[in-house]
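Order of writing sets the chain letters: A, B, C, D, E, F, G and H. Residues in each chain are counted from 1.
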Amino acid sequence: MKIHSNSTLLMIGDSITDCGRARPIAEAVSWDLGNGYVALIHALLGATCPGQNIRIRNTGISGNTVRDLAARWQSDVLDLKPDWLSIMIGINDVWRQFDAPLQIEWHVPLDEYASILEHLVRTTRPHLKGLVLMTPYFIELNQADPMRAMMDRYSEVVRQLAGQYQAILVDTQAAFECILTAVHPMALASDRVHPNLAGHMVLARAFLQALEHAW
Amino acid sequence: MKIHSNSTLLMIGDSITDCGRARPIAEAVSWDLGNGYVALIHALLGATCPGQNIRIRNTGISGNTVRDLAARWQSDVLDLKPDWLSIMIGINDVWRQFDAPLQIEWHVPLDEYASILEHLVRTTRPHLKGLVLMTPYFIELNQADPMRAMMDRYSEVVRQLAGQYQAILVDTQAAFECILTAVHPMALASDRVHPNLAGHMVLARAFLQALEHAW
Amino acid sequence: MKIHSNSTLLMIGDSITDCGRARPIAEAVSWDLGNGYVALIHALLGATCPGQNIRIRNTGISGNTVRDLAARWQSDVLDLKPDWLSIMIGINDVWRQFDAPLQIEWHVPLDEYASILEHLVRTTRPHLKGLVLMTPYFIELNQADPMRAMMDRYSEVVRQLAGQYQAILVDTQAAFECILTAVHPMALASDRVHPNLAGHMVLARAFLQALEHAW
Amino acid sequence: MKIHSNSTLLMIGDSITDCGRARPIAEAVSWDLGNGYVALIHALLGATCPGQNIRIRNTGISGNTVRDLAARWQSDVLDLKPDWLSIMIGINDVWRQFDAPLQIEWHVPLDEYASILEHLVRTTRPHLKGLVLMTPYFIELNQADPMRAMMDRYSEVVRQLAGQYQAILVDTQAAFECILTAVHPMALASDRVHPNLAGHMVLARAFLQALEHAW
Amino acid sequence: MKIHSNSTLLMIGDSITDCGRARPIAEAVSWDLGNGYVALIHALLGATCPGQNIRIRNTGISGNTVRDLAARWQSDVLDLKPDWLSIMIGINDVWRQFDAPLQIEWHVPLDEYASILEHLVRTTRPHLKGLVLMTPYFIELNQADPMRAMMDRYSEVVRQLAGQYQAILVDTQAAFECILTAVHPMALASDRVHPNLAGHMVLARAFLQALEHAW
Amino acid sequence: MKIHSNSTLLMIGDSITDCGRARPIAEAVSWDLGNGYVALIHALLGATCPGQNIRIRNTGISGNTVRDLAARWQSDVLDLKPDWLSIMIGINDVWRQFDAPLQIEWHVPLDEYASILEHLVRTTRPHLKGLVLMTPYFIELNQADPMRAMMDRYSEVVRQLAGQYQAILVDTQAAFECILTAVHPMALASDRVHPNLAGHMVLARAFLQALEHAW
Amino acid sequence: MKIHSNSTLLMIGDSITDCGRARPIAEAVSWDLGNGYVALIHALLGATCPGQNIRIRNTGISGNTVRDLAARWQSDVLDLKPDWLSIMIGINDVWRQFDAPLQIEWHVPLDEYASILEHLVRTTRPHLKGLVLMTPYFIELNQADPMRAMMDRYSEVVRQLAGQYQAILVDTQAAFECILTAVHPMALASDRVHPNLAGHMVLARAFLQALEHAW
Amino acid sequence: MKIHSNSTLLMIGDSITDCGRARPIAEAVSWDLGNGYVALIHALLGATCPGQNIRIRNTGISGNTVRDLAARWQSDVLDLKPDWLSIMIGINDVWRQFDAPLQIEWHVPLDEYASILEHLVRTTRPHLKGLVLMTPYFIELNQADPMRAMMDRYSEVVRQLAGQYQAILVDTQAAFECILTAVHPMALASDRVHPNLAGHMVLARAFLQALEHAW
């Protein structure tokens, strides 16, 4: 397990991370972390290595884009002084370009996405013991689908930042891809974005595998 | 307009037809027809040819497959003695095969679908002044998607029955296809099945155009 | 269609425009525009010419008179910099004189109504690509009814402003009049003001016809 | 006061009588009689002649027509063995012909209305110490309005039955007419049917004046 | 009727006056005046002399003592510039001495009550066309009951102020006394304070009789 | 303590006994016994002699008169085979004669009350190890009050039955009388019937003192 | 993994199994399995071996003892013809003896527990491909605690039955014991019975390890 | 009874004291004191010595530690100028160390607890007629349980402060210990912290016995 014992892991992101977590800062107590992959990671750690004392905190907010993260970065990341940080952002940056095509000020274009995210990673990395970057994803096998194609480009940005800044990469798209060889996307997420519990377990497992956690 | 003046039009189907309609039989009064294409058809007729006195009734029920329609056909269609009948069924027959792949008793295979629907149409047609058959649809442009491909086969059954039994065909898939040249499916329905109001208007317009209604 | 492609249309008014829209500014996404004529116009455009990219926004507020519009004009119209603007106001200005006759400070007399509305139109028109003025209405055929008679005088103000300021006029009273030759007002609106869905479709159709939109 | 001391007065009718009364049989306790003219009559009697011990019971049901009254006459009138009976019915019999013109089985034509009401009055009158017949009404001054005109014909039936069967007539239309010389119908009832508290007081006053109750 | 035509009557007091009225200032529209004696007075005026145009406003607040009235006198009385004013206060001033005997800062002793009320009446009277002072009351016949006895002393203060400042006195205790010769207090108010509708009608009738209103 | 160890005590009555207890039969678990004297007795026993194992069950129902008890005696008393039984009934038998004077079929006159209660006690006593009879009460010091006077006559019936059938008498009226020398009834029960927690403690204490329970 | 591909696993038990599952029979769709160990097992299988097609169904009911299982065994187990069955029962059988010591008919003594459970296992085993028996547990390290001591005896019954009837044993008490070397019981379940998500993951992991499922 | 007549007793603490009390300061009126030991003490005093006029106020807040008390000491204790003060704090100071072991800033270590509490007692004692210090408790008989062991150390701090500052000590742990010889902790509190009504009566009785109150 790469995360050090007795350290704090802060997880930030959008609705996939939020999942109804407690406000203002969700702690790893009971269901307060929400009912998504963050809570599952906490439960998996609690059931396998409770003595490692890894404290998880969650500041994901539904609907957020990377712009929203930047706006609350000071209070929701830096002020909390986490040892480790996990970021999964980008789905809404892309999605709004397809479900709200006319609301252009809601869109975050690729270059702006890359620029903001790079800034956040670069300035924060020095303060961290470790950083995890999770790609955004779209639970759609057809790579020609315009929204899938665009999401892949945003994921590529995350991949490059991970390499550049010594972050652990969690390739969520690849994790889902693997499952989708056996089941149709409809069995994971009717909107191809918000997974059911099995889908969140795919995310949690990919996260823990990237961190070399032993089950 | 092909529907005769002073006649009753009964519309039956699944959640797309239901849309929160009143129980047990929804009448064309206020919002009681639900908030979907049925209500829009009523409103469009009311705003353009109120003197034609076409009474719309709605007995759609969310989640229904063609099996469910057959089970309630006597009370929800035959006993109501409509002049005209509209049927849109099949989406759930297909969907369950993808979002609940292990619950096989929830699936309605193609041959059973065809057989039941043919029976309903054949025995009911003689009692009607007119019949409208609406295909099921999947708001997905990729024809290689397994769920889209299967839905097309179910739609083909409807198309053949329409020809065989002098019914008016409403090709809902084609109607959506046309819109999808301009917008991504996400702009109509996040789950590719339950459309927003614009999507319901696509259905209503396709219906009225098939009936040669003048706007 | 007179509204230009790729332009924004802002619609402001009272409860007929509001219809439960989202706050603070309703966008043309899903049901957020409310369940009235604004949403229907959006849906009709979406179902017939989605490629024209006309973005509709709604800032109607229930109970508003022209005084209320003036008080929030800066934030709810000018700051939003729409290409096109649609205004329907006046029903409450008149109604309060009849259902709350003693609450005289709630009444907006004809001259004040004309003066405020003229001011808003005159100062805003130069910033717009196009302006639509919708008359207020009262779904009552008896022109001798005092409230109908007064409403007609307010509508006349709107008609004159439309001519004077190159606005497109939507004569909503005339649109309803035409329907009322076939049905009693009770079939559209029990209070003669808040129409059912068919009544809102009458408004939407009148709007789109005035704009020469092809169905 | 024509109603005898120590007697029971049963009041039956539609939503105007119902007004949210308690079920199954509303007693003259607190607000259980509903918040309409029935409760006001009880309160006016209680405040002026509490010693007369007139017990009021209410079995009005919203939406009822004279057909509905006939169907529940045994349980809701005869079984209760009232000394006095008051009936106000007919508004829905007429209204449905205007707000639901296509739902013809919901309409009660004039001859059927007269026939059923005459039967109820004729067979019940011998069991009563006294009978009060209240006309239906429509809070509309324009006698040429089709709904007002039809309502007047139904009221005429009530007037004739009152004369024929020694019943006390309460001319509710006349009572409202008098008020409408001073205020517009909108000040009493936005739908011209369901009055506000002042409108219910008009009904209560007309009732008590017809019974020669001294204030 | 002593209240002049075309004048405004403001009514202030405690829960008996409040009765669930609208906020911040209740107008004589529909049920907004609450469901107590204020609304009944409005309805009785509306049903008998609608042309006199007497506008009633209600600023009663549940639980208020005369201290609370004084604290909000500027905003809830003076700023509203009524023509006529009606005050009924004192029940809570007394009640708290009996149901919360240890919470002494909640009690308003007789001298403080007299002093504050005298101040309010003296400074406000010159700005009014007319003033109505309603005594507090306790629906209890036993004059030896300590709470009844104390309430009578508070009522005496009101009576003296009425004489001193040319106000119309409404002796609510006397009005109830008269009814209680026929029924037990339990038939009006289970807590001897908050009357049912018949009890509120007793108050409304006493008010209108004091004002020489003709039914 | 007169109640034997390891025995069951069933308590039946009206709203004072009910107090929101669980259905169908309330057990002495947590708050299921309601929030009145029954729960307090259970708690007092649990805090002082938990080893005596006295199981309390509650079948009180709000609004009950002795007639209602008789109607459910088989299922709610006899079938439960309690060792000890406690009955407190009669308040509603009397109250309805004062708060609903015209609803005479709701009244239970003294002779009927005595006759039914005597029958219940006589036929049940042989099956019990012990019986507790609690008088009804009215928290009113004025013995000339008609409702208090009548309640005293009903209590006298209970007292006589207790003597006649070897039951333990709990004189609840006397228990309250004693408290009322120090506080006004308003401090215990605004309607003189439903006490606050202190009033329920008066009942619980009177019960336990009659049973010679040591605190 | 011992459970065969393409087979159905039915899980039955008490509140730990129920966890708010859908009624009447919970399917492995979305959150319908509840939010406990059953859903976690489903999610873990879905995230690691979705192609094995193991269908999980849940018929746990909160509060059940083995007596309740027996009463619904036909409809909730046998009629469903599962390939595999998992049973976890006994916590309430023991718990009621401690939190409701006087309600003895709620207790299931050890011999009755053993006898009923043995009967269910013996008669059902021949119809199954595989059986999983999960012991009850009490999240309490102190083996001298009377409830823990009793629970251990009930668990011993389960262990013996597993050996006797070729069932896979899941020793839930041992699984928790291991975690409790690192954390206090309060970190898993404040009542030592209903675990938080980490506690449910302990159960899910113990289950899958017993079945030799590879993560 | 040690508390003087005509004095005020303020009770402060955590959820055991709070129990849903009214805000901001709970008075001894009806159920406003919450449904725990504070209300029971008030009721027991009210039922035995109502003339002593002891006014109880409650400012307990759920979840509080001694740190939270200190932060609101000025407004919630000193500003209220009570004659007597009762403090029960410490359960959460200890509990968080066991149910949220990683959230270390939520823990209040023993020395900090002692230091803060000593400061509050020392500075407040001179302003009081009397002070009651209630120990925290853990309803667990096993003294080797780490949470019980730690709670005993916190209680010891309270005991010493009571001796040092002339406060009356209520040894709540001892009071429960005595009951637990007869029943298992599960019969009082499933989480060993929040007792049922019988458990709260144990606290109330211990309090009143320490104050030498005669039942």
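List of remarks:
The rule we apply is simple: a contact is a pair of C-beta atoms (placed from the backbone, for glycine too) under 8 Å apart; a residue touches a chain by one contact, two chains touch by 3 or more.
Keep in mind that this is a model prediction, so the values were computed, not measured.
To find the repeat of A-B among B-D, G-H or E-H, check which pair has over half of the same contact pairs by residue number; it is G-H. Set against one another, D-F and B-C show the most C-beta pairs in contact at B-C. Centres computed as Cα averages put chain C at a distance of 45 Å from chain E. Between chain C and chain F the centroid-to-centroid distance comes to 66 Å (mean Cα coordinates, whole Å). Looking at chain G, one finds that residues 29, 99-101, 183, 187 touch two or more other chains. Screening every pair of chains for touch gives A-B, A-C, A-G, A-H, B-C, B-D, B-G, C-D, C-E, D-E, D-F, E-F, E-H, F-G, F-H, G-H. Partner chain H is touched in their complex by these residues of chain F: 29-31, 35, 39-40, 42-44, 46-48, 50-51, 179, 181-183, 187, 196-198, 200-202, 204-205, 215.
Taken together, the chain G residues at the contact with chain B in this complex read 27-29, 53-55. Interface residues of chain G facing chain H in the complex, by the touch rule stated above, are 95, 98-101, 142, 144-147, 183-184, 186-187, 190-191, 193. Of all residues in chain G, only 99-103 touch chain F in the complex they form.
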